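The structures come next, written out as structure tokens.
The same subunit A turns up in both complexes below, where it pairs with subunit B and then with subunit C.
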Partner chain A sequence: MKVTVKEWNAVAAWRWDMPDDDVCGICRNPYDSTCSKCKYPGDDCPLLLGECNHSFHMVLHCIFSWLRQESAQEKCPMCRQPFKSKNQEAAATGDSQT
Partner chain B sequence: MQLHDKLPPGIVLVKADDFQTWLLDIQVVDGNPLYAGETYRLKFMFSQSYPIEAPEVVFVQSTDPPRPIPYHPHIYSNGIICLDLLDRQGWSPVHNVESVCVSLQSMLTSNTKKERPPGDENFVRFNTQRPRDINFVFHDERV
Partner chain C sequence: MSNQSILRITRELSEIQRGPDLSLAVACRDIDVRHVRALIIGPPDTPYEFGFFEFAVKFTREYPTKAPGVTAITTNGGRTRFNPNIYAAGRVCLSILGTWRGERGEEWSSAQGLESILISIQSLMSSNPYENEPGFEDAKSDYDKRNQALYVDKIRHETLRVSIIERLEDYLCIDRGRVSGVTVYNAEEDYQSNAADAPFEPFKDLCKRRFLWYYSSYMASVEKELQKHKDGDRFEKMPFEGPGNTMEGTFQYSSLKERLEVIHDQLNKEAAGWAAEGILAVRKEAGIASNLQRQFEQIVENYKTNDAVTLDLELVDKNPFVWRLMLFGRPMTNLDGGVFGVLINLSPRFPDVLPRVKFETPIFHHRVSPAGVLCYDASRKDDMKSHIEAIIEAIEEESPAYDPRTLVNLEAARLFWGTADEKKMYNRRLRRSVQDSMDSI
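Take a look at the complex of A and B:
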């Protein structure tokens, strides 16, 4: 018996390589979701991991809008150490895991 | 701005109909005799920038139900609270309504003085600033 595959549909799912139950400490939404102001999760609302290993949704609304505040003094909201991005490259491209 | 399903002991959500103003009742649960049997009402006011900006949090007074302003050297008799966590310098966006309530419970728990801040009478009479615009000096490391 010969089977000919005429058509197939691939389905892929993605998620951030982060602990399951963890949420962004600022907006309290899951990392796999968006912050409360973005429309699409993933590359449109990427995460930023700090050298202190605390991570947040990155663009505009969570960690960046905090760091723009003068009173933030460029410190991590979680541990108040100076906030430095752990991996500039990953942050810039929104390096997601499949 | 979501509250967890279960709030810590002594914290009750009274009103949260919108994202501008919330009311919560707190009690001091460890049996500090200064606050035994009393319930205090907190009013949270959120700006558009919450949680990047701190909420404005004050105690509010009412007679029915009885909600006095707790005696504390850092709580003025008009309900304004002097706590670094609620000020620009001390706020962090990872705080939330629950953690603020717990901090205030703990601030009351550790207090042993039934008194108002120095200058309370004048402050209450003449202050027209909103709590967030007042430049408090945080000098007391014990609370």
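Take a look at the complex of A and C:
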């Protein structure tokens, strides 16, 4: 018997390359979900990984709204080391598996 | 519009409420999650032991970027400073709250939260709070040592008097002589507490139940302190205490003892009174009456087919608000052969008011107070099956983790977690109470 594929739809799932039960230390939502202000997870609400290996939801809401204030002194809210992004590019685009 | 801070507060509240920590409780009115009430139960082996300390926590829209505001409520009406860092006016000095200059790395961060704040406050309530005062951390002169002991002494007294006794007296409308008026019937008070303008008292039932757990601890502490402090002796003033921010008063342990007894008595009467209220509810065909009746029938049906547990459950006088559980000791355990009657009184306000559970058959067990009150915690508060399961688990648990907040029988706990010989003694005394339970049938 010969089967001809006329049409096919690919379905993919993605998740951040993060431990399953881990949550963002600021909004306490899972990394795979969004921060409390965003609608869609993923590239719309990317993660930012710090050099200290603590990650947070990035865009404006979690880590940025913390770092924006003066009293934060640009330190990681978890370990209070100076917060430096580990890999800007990876955080913004990659790190997600398809 | 949903707000980031509300989602996080809601999440934190439910996590603390579901969590296993018996010494923290939080609540808020449904309409307002930004104003949270928190209760911290004083840590064992400190002068704050099993006291009820309440705090108001106010979250702003900027939470968690900014710390919430925390105010102590248990301050004897603004007259008593319970700790060098918890002022009479309610101010809580804590570096993570930004109310105290902190070392680097001690300030607020958005990764902090309600639970970490409460644990920090709880850690202020130490066995030697004198050294919390800045400048007194290393104070070890004879003068300081004497002060440290005197400070602990007066805190212990005021914890009992203010945080426990007066709180419970207010709940139960027990006249202290200060307020004129008659003792109001409880149902009235319960009715009023539903009104919108009523003061927010979310921890009433919790404190009542805990009082029953820790009653013998309170009494033991009073008995011990009675030997040390004559009635009428004045509290010593601490060098860091100033006008309007101090802890003044006199030792009155004899009267505290009487007041504890009155409260204990009233609480027992309250639970017994639910039976009559319940019969009324049955007659009026109230929803709660049929709800409990149905739960009872389902549980009985359920245990008929469950061979793992042998028990007998019945309604006393066919009243769905008074249950009697006959528990048969599991074979091959310490309880083997025992038959224990457990009386469960249910309130018409169930599940806002949780059942009172009491062993009618005497048992020597670290989870059962000398008065028979069982210390247990049901996971689903509104489900009586969960309560029955938790009761059985509390009594059968073979190797419980050491948690001083569950030790309601001091003597039994001391032996259970003591030396090997003491553990043997515990088992012997438990076995003896099991033996006696058979004879009493």
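Rule of thumb we're sticking to: the second predicted complex is superposed on the first by the 94 of 98 C-alpha atoms of A that agree within 3 Å, B and C clash if a C-alpha of one lies under 4 Å from a C-alpha of the other, contacts with A are read in each partner's own complex, and residues count from 1 in each chain.
As a working rule, a residue touches a chain if its C-beta (ideal position, glycine included) is under 8 Å from a C-beta of that chain, and two chains touch if they have at least 3 such contacts.
Treat the numbers as computed from the prediction; the structure is a model and nothing was measured.
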First (subunit B), second (subunit C), both or neither touched by A:47: neither
Subunit B versus subunit C as contact partner of A:58, first or second or both or neither: neither
Subunit B versus subunit C as contact partner of A:35, first or second or both or neither: second
Which partner, subunit B or subunit C, touches more subunit A residues: C
Touching partner for A:78 - first (subunit B), second (subunit C), both, neither: both
Those residues of subunit A which subunit B touches in one complex and subunit C touches in the other: 25-28, 62, 65-66, 69, 71, 77-78, 80
Touching residues on subunit A, where the partner in the complex is subunit B: 25-28, 62, 65-66, 69, 71, 77-78, 80
Touch list for subunit B against partner subunit A, complex: 1-2, 49, 51-53, 88-89, 91-94, 96
In the complex, subunit A residues that touch subunit C: 25-29, 35-37, 61-62, 65-66, 69, 71-72, 75, 77-78, 80
Of subunit C, residues touching subunit A in the complex: 2-4, 7-8, 11-12, 64-66, 104-105, 107-113
